[in-house]
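There are two complexes below, and they share subunit A, which is joined by subunit B in the first and by subunit C in the second.
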Partner chain A sequence: MKPFKEDVLEDLRNTCLTITFELKKHFRRKRMILSFTLAVALPLIFYIAPRLWGSFPDSADQFASINLSFVEFLIVISGSLFAGDAISGEFEEKTGLLLFSTPQRHTTIFVGKYIGALIPTFAVVSIYYLTTSFEIIGIYGMDAITIDFFKSYFVALIYTSSAVSLIFLFSSILKKKITTTLLGFFSLIMIFPIISTVLEFVIEVEPWYIMTYPVGLITDVFAAVPLFGAGPGGQVMSSPDFYEGIAVMATYTLVLFFAGVLISAKRRME
Partner chain B sequence: MMREGWQKVGTVVTLTLLTFALLLFSVPGTQWTPVEGSSPDISQDIPEEPDIKISELSFSETEVREGDEVIISVTVKNNETYDMDININLIWGDEEFERLENETIDAGSETTFEFEWEAQAGRQTFTAGLTVDLPEPIGIVELDHRSETIEVNPEPVGDIYYPLAILVLIFLVVIGTVLVPSVLARVKNR
Partner chain C sequence: MTDSDYMIKTQNLVKKFGKNIVAVDDVSFEIGRGEVVGYLGPNGAGKTTTIKILTNLLKPTSGRACINGWDVNNEPKEALNDVGSLIGVPGVYDYLTPDEFLTYFGKVHKMPKQKIKRRITEVLDMVKLSKWRHSKIGSFSTGMERRLAIGKAIFHEPNILILDEPVLGLDPEGIKEIRELIKSFQEKDITVFLSSHLLDEVSKVCDSVIFLYDGKIIEQSSVEKIDEIMKEYRLIDIEFLNPLPRSGLEKLNGIEMIDKVQKVSENKVKIIKSDGDPTLTSMILDEIIDRGFKVVSYSPKRSDLEDFYVSLIEKKEGDAR
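Let's look at the complex of A and B:
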């Protein structure tokens, strides 16, 4: 039996191997280029359109808030692209027959696949924020990049990890890549927000436990922008609590990730 | 002769009275500014407006964040040679914030009145009004007022270290999962 240290190092090496393989796969399939292009192009719209036809908001916080309110969609799109086929792809294309028969521990494969989906999604979010920060510096100057901007960035990364975890779980349960991608995409864009709205406005309870509810924190951290907005029917929408919202997203991230790894480990090729 | 003499005296007295009357009505500073609706215009009956002014309206802090406790100071200077009871009305935006009544300001002295306020985000304007209660039928008379505006920054949402710590925790747990099978294998073997 190998010494513990060697055993652990080998597992970490295998995980890195899977991550590298996954990143190369995403790059080869042009997903990365597509997502990175979107991450640059989307925030540029908010810069070019006012430059040509209108005027910029009065403050950098307002500009950032408007611009970053769309990062959520990019997170969901990128998460679905990168994590959608992480596990289900291996079963659908039968490539798992080769992969799972290697001496590599299955846990290292699944963790590597998860991180392999998380890294490019993080990169997409980072590029979006970087582009936005360049725009802010260009319009309002260097001082306009406040601590709130970094806070928003970290919140976006936590939401990214929870979104990737959910899609990773779907990928470990479902058989087809397209079903996983679509289910992940529609859950985060439509299903959860609808449940959240129904709970908030029909049942009149704060849906703090819904995964997509704290996503509003990405823009709420810009304190200069009102925390409350008009909801459907003119009702006032409540804003999620910062600490509670982050805790909820982190809990979803870890629980869904563990569930995904466990289900994947138990799953067998037919 | 006697009659002519009395006529002269009468003329002099009449002219003197007329002169007094003219002087009385032409003295500057006898105009009072009664608060609207408080009393009829009897400005001719008031000798002179007391020289009491708001010399300063200030805030204890200049860099204020939402929720901060701010002391609003209103300093009143009595330039007269007699003590005076005054009222101070502090107005926040369009609404009365606090009112102090019958505060005595000693002759020639300067007195500062302090008001506590919990700052609310945005541009906030305070107006201090100085009034005095005069006997009926004059009523309340405004002597002075002064306005100041303060910019209150909104309360920051959350702490940056918290999401950062959570991200690090997520990373460590995910990486740590790789070690679980090795650890479990060791435990089983023992």
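Let's look at the complex of A and C:
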């Protein structure tokens, strides 16, 4: 038997190998370029459109709030693209017959695949924020970048982790990568938000435990855009508490990630 | 002998799918260093399932599978480090080039950079893919993908090779090349465990064979020993001048020295007899002519591994009925 330390280092090395392998895959399949292009193009629209046809909002917070309202959409697209086929692809395309018969613990491969999906999604979010920050500096000056901007960035990253964890879990359960990708996409864009709305406006309970509920914090931290009436009675949409929201998303990240790894490890090439 | 004295060892291996399907049923065998062993059986016999357990793609329901003394399912890193495998028809990473594909698997096997470089050249040469070293695998034909998968199996110079239908999808020339490759492993003292439905291939490269039927081992023997059993002239192909009516078949079956008559076509039959004695072969011909049959050709022949295999399966199916 190998000494414990040596064994762990070898597992870490294998995980890093998988991460590199996954990043190469995303790069070669042009997903990386597509997502990075979107991450630059989307915030540019909010810069170019007012410059050409209108005027910029009065405050930097308002500009950031409007601009960053699309980052959630981009997170879901990128997460679905990068994590959708992480596990299910190996089973569907039977490449797992080559990969899983190598001298590696299967869990190290799965952890590597998860991180391999998380890194490019983080990169996409970071590019989006970087582009937005350049725009804010260009329009409102250096001082316009406040702590709220970084809080929003932090929320976006935590939401990214929970979204990737969810899609990774789907990937570890489902057989087809297209089903995984679509289920991940629609869960985050439609299913969870609908459940959230029903709970909030029909049953009238705060849906703080729904994964997508705290995502509003990405723009809510600026408190720059007035809340508007919604729902059957015209109720005002509530915003989750910042720390509670972070805790909920972090919990989802960890629980879904571990569930995904455990289910993948149980899954076999039958 | 202990587990580590054998390169591959299975002990009462059982694999069930659901409650009712028993794919592998109490399979135990041992393979020593440098042995080339064929694993034979009809579709659904449990060959691939056994191989998947041996390569940690499946966990057994009970029993143990060991390689180099390591339990494959509990200690995969140690057990599979010296194993090269090719299982079923794997997919390939179509966005990589053979160079990148082999580099990745070389790194997984902890090969030093220089060795990876050297082996890429050697292996791609061996599997005749040197020309496509930097082309995307996505543009490859099935045969080329297969050759690359074989290249991956031998890339890190393993001492144990586990191959599941290695010549599947290859053209006759490719089959011949793989046969030569396996023969060269024998000379290098590499242990090879291969499943195949091409019995002729198995008989040409293997030292011994394990026959599997319905998840169970029904025979385990050296190819030499099987050859010894089968070398006697136990089969006779007969062609008659006229089509053979049912009564004619019954007449032939009535000859005491004959075990079984199989109709091949309207005027051709195959006779199976349990004794390979040439005198008996001659007496059968006399008896056939005496019974009024007009014989065009009468050719006694040696049985091969395929006949042995078919007789085993028929016997097993007969027992089951």
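Simple rule for what comes next: the second predicted complex is superposed on the first by the 259 of 270 C-alpha atoms of A that agree within 3 Å, B and C clash if a C-alpha of one lies under 4 Å from a C-alpha of the other, contacts with A are read in each partner's own complex, and residues count from 1 in each chain.
One rule holds for everything that comes next: a contact is a pair of C-beta atoms (placed from the backbone, for glycine too) under 8 Å apart; a residue touches a chain by one contact, two chains touch by 3 or more.
All values reported here derive from a predicted model rather than from experimental measurement.
Chemist: Could you tell me whether subunit B and subunit C fit or clash when both sit on subunit A in the superposition?
Modeler: They fit: once the shared chain is superposed, the two partners occupy separate space.
Chemist: So in the superposed three-chain picture, is A:201 touching just subunit B, just subunit C, both, or none of them (first/second/both/neither)?
Modeler: neither
Chemist: Report for A:186: first if it touches subunit B alone, second if subunit C alone, otherwise both or neither.
Modeler: Neither partner.
Chemist: Name the chain, either subunit B or subunit C, that contacts more residues of subunit A.
Modeler: Subunit A has more residues touched by B than by the other partner.
Chemist: Go through the superposed model and pick first if A:242 touches only subunit B, second if only subunit C, both, or neither.
Modeler: A:242 sits against subunit B, while subunit C stays out of touch.
Chemist: With the two structures laid over each other on chain A, which partner does A:253 touch: subunit B (first), subunit C (second), both, or neither?
Modeler: Only subunit B is touched by A:253; subunit C is not.
Chemist: Figure out whether A:29 sits in contact with subunit B (first) or subunit C (second), or with both, or with neither.
Modeler: second
Chemist: Is A:17 touching the first partner subunit B, the second partner subunit C, both, or neither of them?
Modeler: In the superposition, A:17 touches subunit C alone.
Chemist: Report for A:100: first if it touches subunit B alone, second if subunit C alone, otherwise both or neither.
Modeler: In the superposed model, A:100 contacts subunit C only, not subunit B.
Chemist: From the overlay on chain A, compute the angle at subunit A's CA centre subtended by subunit B and subunit C, rounding to the nearest 10 degrees.
Modeler: 170
Chemist: Across all Cα pairs of subunit B and subunit C, what is the smallest distance in the superposition, given in whole Å?
Modeler: The answer is 9 Å, the least C-alpha separation in the overlay.
Chemist: I'd like to check the shared interface: which positions of subunit A are touched by both subunit B and subunit C across the two complexes?
Modeler: Looking at subunit A, the two contact sets intersect at 7, 105.
Chemist: Over in the complex, which subunit A residues touch subunit C? Could you list them?
Modeler: 2, 7, 10, 14, 17, 21, 24-25, 28-29, 93-98, 100-106, 268-270
Chemist: Can you tell me which positions in subunit A touch subunit B when the two form their complex?
Modeler: Going through subunit A, the ones touching subunit B are 1, 4, 7-8, 11-12, 15, 105, 107-108, 111, 114-115, 118, 147-148, 150-151, 154-155, 157-158, 161, 217, 220-224, 227, 242-243, 246-247, 250, 253-254, 257-258, 261.
Chemist: Which residues, counting only subunit B, touch subunit A once they are in their complex?
Modeler: It comes out as residues 121, 153-160, 162-164, 166-167, 169-170, 173-175, 177-182, 185-186, 189.
Chemist: Where on subunit C is subunit A touching in the complex?
Modeler: That would be residues 17, 52, 55-59, 76-81, 83, 85, 87-93, 95-96, 100, 104-105, 107-109, 149, 152 of subunit C.
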